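There are structures below to look over.
Heads up, the next two complexes both have subunit A, just with different partners, subunit B and then subunit C.
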Partner chain A sequence: MTRPTRLDGNVLAGPLSEVFSVDLTAAARLCSVCGDEGVCAQLLVYADGPGLVARCPGCAVLVLRLVRTPHGVVLDLGGTGCVTIPLGEEP
Partner chain B sequence: MPSWTTATLEADRWETPTARTLVLSVPGWAGHRPGQHVDVQLRAEDGYTAERSYSIASASGPDRLELTVQLAPGGEVSPYLVQEFRPGDRVRVRGPLGGWFVWRTADPDPVVLVGGGSGVVPLASMVRERRRTGGRALFRILYSLRSPDDRYYAGDLGAASDPGVDVFLAYTRSAPPGSVRGAKRLSVADLNTHGFPAEFTPLCYVCGPTGFVETVADGLIALGHDPRRIRTERYGSGGGR
Partner chain C sequence: MNLITRGFHGRRGGDPARIPPGQYEAHDFPVLSVGPTPRVDTDDWAFTVTTETGTAHSWTWDEFLGLAQERPHVDIHCVTRWSKLDTDWVGVSVDTLLADVESTADYAVAHSYGGYTTNLPLEDLTDGQAWIVHTFDGEPLAAEHGGPARLLVPHLYFWKSAKWVKGLTLTPGDEPGFWEQAGYHDYGDPWREQRYRGD
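For the complex of A and B:
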């Protein structure tokens, strides 16, 4: 069995752009489980399965799952925590 | 919001025997911020699609962008883009994408750029955008590569026309004859010698294979750099993204 390939939240930018009109990868995230403060681009992302799975870099809690099906996009934001999205100005 | 659009191959350049720069014509493309990427989508005749993310290599400009694609043996997308994609052929692209792994040309702070293999691609975009805009921010680039034959952008990255941009080549498998350093992995000592001191509070951009990125980021933190000033992009285990 090969080890899963770990990517990061930068790779979520395209898939999330199908759902959100702002770039979530540059948004600050406060983890509700471990208190980790970072940006969504720093999430650890696993793309070996049928979709994308993002985990907190601090505590590995499951933050987000995104799967495209023939009928649409299934988005699980169960562990998102608190996200602060910059509007207008460039970060 | 980025949406899928058609890109046509206009020209190409071989950077190494297994890495090809694609000059894509994308009518309506409004430019990008250096460090951003695009998603490229291939569609088979039976409707099956495959998508991969590739960093933009060029400076920002209208209606055109350049990607450098590293051949990943057994890959689903890169063998087509490197070996079969011909001028006039089309793919779909979505972007520009990502708002965090980007360099602001107006930012005067010194910058440390660390790239492993094809991870040098978005860093090249930053250097080229600095050149295009007449930027003065000091850049120090540490480029980790296996051998001289694996070097991207020779003659461009580290060109004399870029005052204030220093390039250090860290060979990991074989170094040119006469090299004092020899061939070894990029070390904390290399980061210390060829980066900026942490007291200068530089912005640090690290891009490459996942293990490389995590090792370098840990090394920068060990040298006292503020983790909040370190921006990372992981390409996974393969050579390309």
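For the complex of A and C:
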């Protein structure tokens, strides 16, 4: 039997770079459901379905759905929680 | 003398007329999931039809197995482009489950253990087109494939055949499910390649 493939959040870097100018996989994330703290690269990603589905490593809550269609990228960040994106030093 | 035989292509009697556009024939059974595989004990399993007025009709596992059992032999088509021909299932027709349900709803949402949902017109779940199945290829349906029971709606892309199904909610309006919200087609007819919203 073929088993599902579960990856980490690094697999999101390429698809998200089509949408965002910063690397969200390096962003710190605080889960609004279980309080899990980590970086988005630590998310659990189910990638062998019709789209990418990312879940919290702490509580498995749905964090992100990303579908690449011929018409564009559909991105649901509804379960993201709070992310902190480093911007570097102010001039 | 033929130096190249059809066997080199790995085909097992596939019929191109049964493969929808953009699909290929798979001989394995790929597992696609959107989260951890729910492990549902049949002692705890229940299937519930909830109408638009809130009336609920539920079956335990034993009650479900006591209903008339059918043996659909069907081709299935996944939106990720694989099709699997001549699959054999055992389960209960959705017609049987809806026989005593009073409703004027036009749509249904299938709900699964684990939180997955998908929406369908009610007319696509009736008239011998859909089943709740518990056996695949003569064996109890494996958890990776949606066991103990999944919805089977073979004339639509397979994301509509919700794994680990636990109920149907009948709704007056169309309420997009997990993949339908995320850009996939609301209906999903493989013969019209209705993969994405807007196709």
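To be clear about the criterion, the second predicted complex is superposed on the first by the 87 of 91 C-alpha atoms of A that agree within 3 Å, B and C clash if a C-alpha of one lies under 4 Å from a C-alpha of the other, contacts with A are read in each partner's own complex, and residues count from 1 in each chain.
Everything below uses one rule, namely that a residue touches a chain if its C-beta (ideal position, glycine included) is under 8 Å from a C-beta of that chain, and two chains touch if they have at least 3 such contacts.
Quick caveat: nothing in here was measured; it's all calculated off a predicted structure.
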**OP:** Could you say whether A:Q42 touches subunit B, subunit C, both of them, or neither, answering first, second, both or neither?
**Re:** first
Original post:
Should A:I85 be classified as contacting the first partner (subunit B), the second (subunit C), both, or neither?
Top reply: neither
Original post:
Regarding the shared-chain residue A:L77, is it in contact with subunit B (first), subunit C (second), both, or neither?
Top reply: neither
**OP:** Kindly classify A:C59 by the partners it touches after superposition: subunit B alone (first), subunit C alone (second), both, or neither?
**Re:** neither
Original post:
Taking the contacts subunit A makes with subunit B in one complex and with subunit C in the other, which residues are shared?
Top reply: none
**OP:** Could you please specify the touching residues of subunit C with respect to subunit A in the complex?
**Re:** 28-37, 79-80, 115, 142, 144, 159, 178-179, 181-184, 195-198
Original post:
Along subunit A, where are the residues that touch subunit C in the complex?
Top reply: 1-4, 46, 48-51, 53, 55, 60, 62, 65-67, 69-71, 74, 76
**OP:** In the complex, go through subunit B and note every residue touching subunit A.
**Re:** 1-2, 33, 37-39, 51, 53, 94-95, 97-102, 104, 210, 231-238
**OP:** Write out the stretch or stretches of subunit A touching subunit B in their complex.
**Re:** 5-11, 13-14, 17, 20-21, 23, 25-26, 39-42, 47, 86, 90-91
